[in-house]
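In what comes next, subunit A is part of two complexes: it sits with subunit B in the first one and with subunit C in the second one.
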Partner chain A sequence: MEHGFLDQYSNVGSFMNRLDPRIKVVSLLAFIVCVVSTDTAAFAAFALYGFILAVLTVLSRIPIGYILKRMLVAAPFILMTALFIPFLQGKTVVHAFALGPVTLTVTREGLLIFWNVLAKASLSLLCAILMTATTGFPELLKALEKLSCPQVVIMVLSFMYRYIFLVQDEFMKMQQAKESRSVGGPQWLHVRALAGMAGMLFIRSYERAESVYLAMCSRGFSGRIQTFHHFQVTMKDAAFLLTIFVSLIGVRFLSAIHG
Partner chain B sequence: MHIPDGFLSTNTWLASWAISVGGIGYSIKKTAGVLKDRMVPLMGVMSAFVFAAQMINFPVMGGTSGHLLGGVLAAVLLGPYAGALTLACVLIFQCLIFQDGGLTALGANVFNMAIAGTIGGYGIYSLIAEDRANEKRVLAGTAVAAWFSVVMASILCALELAISGTAPLGIVLPAMAGIHALIGIGEAIITVSIITVILKTRPDLIYRPQGTVTVSLSNRDSLSSLRQGLS
Partner chain C sequence: MDKIVIEIKNLHYSYPDGTKALSGIDLEVFEGESLGIIGSNGSGKSTLLLHLNGILRGTSDVKILGRDVTDKNLPLIRRSVGLIFQDPENQLFMPTVFDDVGFGPMNMGLKKEKVEDAVNRALEEVDMLPFLKRSPHHLSVGEKKRVAIATVLSMEPEILVLDEPSSNLDPKHRREFIGLLQKLQLTKIIATHDLDLVMETCSRIALLDEGRIVAVGKTADILQNRLLLEDYGMIARSP
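Moving on, here comes the complex of A and B:
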């Protein structure tokens, strides 16, 4: 079975790949917090954020098509807010159209809210895609651990990363078997078969967890996982972090003066 | 229902982060107390299981489809705190790998689905299924709790969007709750079907709070009961 969704571009040898994962995590956090807290009407600031990301996109060497496809995850939410625009109450009416007995008005306030979520969600998403797609998941977890995330959560996540392929393979195998046995009929008639699969999947996963635990105990597991950390902040990392911080503070500060 | 970045105001996302960090911290303490050093492998594999179970899609209406949330499923099988932890790990994973749900909105997403949806759902479940030996009550509790967990999470999501000024409450609340009342039915049907299978094959895996009498494995031949469960 194929699992192309993970670590596809985490090792293509780009500048972004070679950065220290901790630097990437810190930059990502700083970027998103700055973007999210920027005033809605500061259009120039959003353009500058976009410019920073454009530079990073070139440095990451991730295909644009892949990025655009990944950005679709926010589409349902953005569409949902778009639907609310005509219902929002506001002072300045931009456009009004009659829909049978009711008149729907598009106001400046409504459009601003839509622009707000559209710009902020896409900028944050793009930055998150650039930073996480260029980092291998184990490295990302190590970076988070180094940045003092709770160790239990990190350990559970690293286990999850290891077993997700196995569990999903098992599920896909069962699904293949089901599809080759059942023909036609609407999808909802397959609920019982699906439930049987999920139930079996749970039992098998549970038993797997037990044997994994026993195997770990026999290798001296004491409740803590020891890993080597070979991260080292180079001059390049420091320069990158400095550039990001200076440009973020610059943009954020300028937008604050204007607003 | 995974809120992206930019949809919540600063106060809302900071507050929901604070609540979620507290809730998950408490869940870790509770779970570690019961499971000790077997907690990490069990939670890890179970998170992978919930992640895979979320691949089950069901049609809602007009071509849209919902997928399993799995909160009540995890809570009925693993207990409220381990269940919440499992769901939280799935949400963190989805946020980091697929950007499904934003980083600043992660607090709100964890609160809606892992804390309110799972621990809250478990509360409803244990009200109805006080006697875990009664299969009918367990299934009824699971159904009601599964429906409520989805609707509750969607209502919280709508409230957070309204407080942030992203959407007017009078429209976003009925819209979200209405769609998720339908998705909740799918969630209830699938969760109950899965629990039915597990009740028939490995009833010992259904979570029982400590201190209650554990019902021993039914003495039916395990292979025949397995066949029954799958037929």
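Moving on, here comes the complex of A and C:
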């Protein structure tokens, strides 16, 4: 079965691969906090954030195409939330559309917030893609655990990573079995079959969960999953973190002074 | 007489919906032997196995290593009886092979170095050491089965219990897998309807039908009794 693995660039031997996952998580958080809190009109600051990400992208050796593809997945969600912002109340009207009895006005303030939401969301997303794509998923989970993320969340993510491909396979097989027997017939019948498949998938997953739980109990599970990590912060990690922090704080405060 | 490691007397079990799965099982397993439990689909093999480490508890006396199956004894019983489920996808639930094989030892409260030792030793035993850092979903079926065995070997069990270990394996990997089972020197209980596997790995056989043990004996005696095997659906009736 073919799967686009979540972490196909997690082990290409780049500088970003070798960083301690905890450092990457902390850097990502710092980046997002700085970007989100930056003043709306500080265009130069956003350009500089973009520059930082460009440097990181080069260091990660991930092809641009891959990053853009991952961005596209999230793009609809960002656009959906941002779509109505230009029509918000504001003083300076840039353009007005007449749609029958309703007049829609695009305001300068609205446009500014619109651009701002897009820029902040894209930058944060880009940074998240960079940090996660360069880290193996199991490592990422351990880093989160080490950084005191609740265990329930870690367990859910861990099982998701382990079983999502299986569920996908199961769905594919059902799909193939259905296709093999779909010869004509009304379209609504296919939709009904799809609903049945979704239900079946749920039941199978539920039963699998039960078996997995029994397998866990057989090996002495008592409510808490323990794992070990081999993380060690090196000079390189420290230097990276320091550089990121200094550049972020630099950009953030320069923009504040100029703004 | 060899030491008895598992002693089951008059075991009955019904599923919550009332279906009777086991009705009066009597069975003894001796230290160091390889016992094959054979029977057609739905004869109660898997249900019986689930009683061997206290996952299910029917109405009877089940003694594992001389101990009653009680809440107090459960941790000890579960570390001494390594139960391997049929589908390795369910047996391997952690993100990496290391975490999975180390799951049992960690629950036993071992220190980090001890866990690493146990994991390395268990993977070495099934020839899977190079796969330490891989994710289970990147392994082939044969590799998954091997790792699944390692996940219980790392707990250093005294008894290994396997449910349909040869299912889904192609002939070559099945052969290799049988070799591995022969190599493992501990008490083994293997539930299957693969008679070749039983012939090559087991010294004794218990034949199960509709939740009852209908025959127990030496492997050769049972497998040569064509009528018996035909009667209980283990081989097709000759025309």
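Quick note on the criterion: the second predicted complex is superposed on the first by the 219 of 259 C-alpha atoms of A that agree within 3 Å, B and C clash if a C-alpha of one lies under 4 Å from a C-alpha of the other, contacts with A are read in each partner's own complex, and residues count from 1 in each chain.
Just so it is clear, a residue touches a chain if its C-beta (ideal position, glycine included) is under 8 Å from a C-beta of that chain, and two chains touch if they have at least 3 such contacts.
Since the structure is predicted, the reported quantities are computational estimates derived from the model, not experimental observations.
More residues of subunit A lie in touch with B than with the remaining chain of the pair subunit B and subunit C. When the shared chain is aligned, subunit B comes close enough to touch A:V152, but subunit C does not. After overlaying the two complexes on the shared chain, residue contacts for A:L125 are found with subunit B alone; subunit C is out of touch. In the superposed model, A:V36 lies in contact with subunit B only, and not with subunit C.
Applying the stated contact rule after C-alpha superposition, one finds that A:R208 touches each of subunit B and subunit C.
Looking at the shared chain after the overlay, A:R219 reaches subunit C, while subunit B stays out of its contact range.
Looking at the shared chain after the overlay, A:L88 reaches subunit B, while subunit C stays out of its contact range.
Once the two complexes are overlaid on the shared chain, A:N17 sits clear of subunit B and of subunit C alike. Contacts of A:S255 after superposition on the shared chain: neither subunit B nor subunit C is touched. Of the two partner chains placed by superposition, only subunit C is touched by A:P138; subunit B is not.
The residues of subunit A shared by its contacts with subunit B and with subunit C are 137, 158-159, 161-163, 166, 208, 212, 216-217, 221-222, 225. Taken together, the subunit A residues at the contact with subunit C in this complex read 3, 137-138, 141, 158-159, 161-163, 165-166, 208, 211-212, 214-222, 225-228. Those residues of subunit A that touch subunit B in the complex are listed here as 5-6, 28-29, 32-33, 35-37, 70-71, 73-74, 77-78, 80-81, 84, 87-89, 113, 116-117, 119-121, 123-125, 128-129, 132, 137, 140, 150, 152-153, 155-164, 166-168, 170-171, 187-188, 191-192, 194-196, 198-203, 205-206, 208-210, 212-213, 216-217, 221-223, 225.
If you check the complex, the residues on subunit B that touch subunit A are 2-8, 10, 13, 24-25, 28, 32, 36-49, 51-53, 55-56, 58-59, 77, 85, 88-90, 92-93, 96-100, 102-104, 165-168, 171-172, 175, 189-190, 193-198, 201-202, 205, 229-230. Residues 50, 53, 55, 75, 78-79, 82-83, 85, 87, 89-96, 99, 102-104, 106-108, 112, 115-116, 135-137, 151-152, 155 of subunit C are the ones that touch subunit A when the two sit in their complex.
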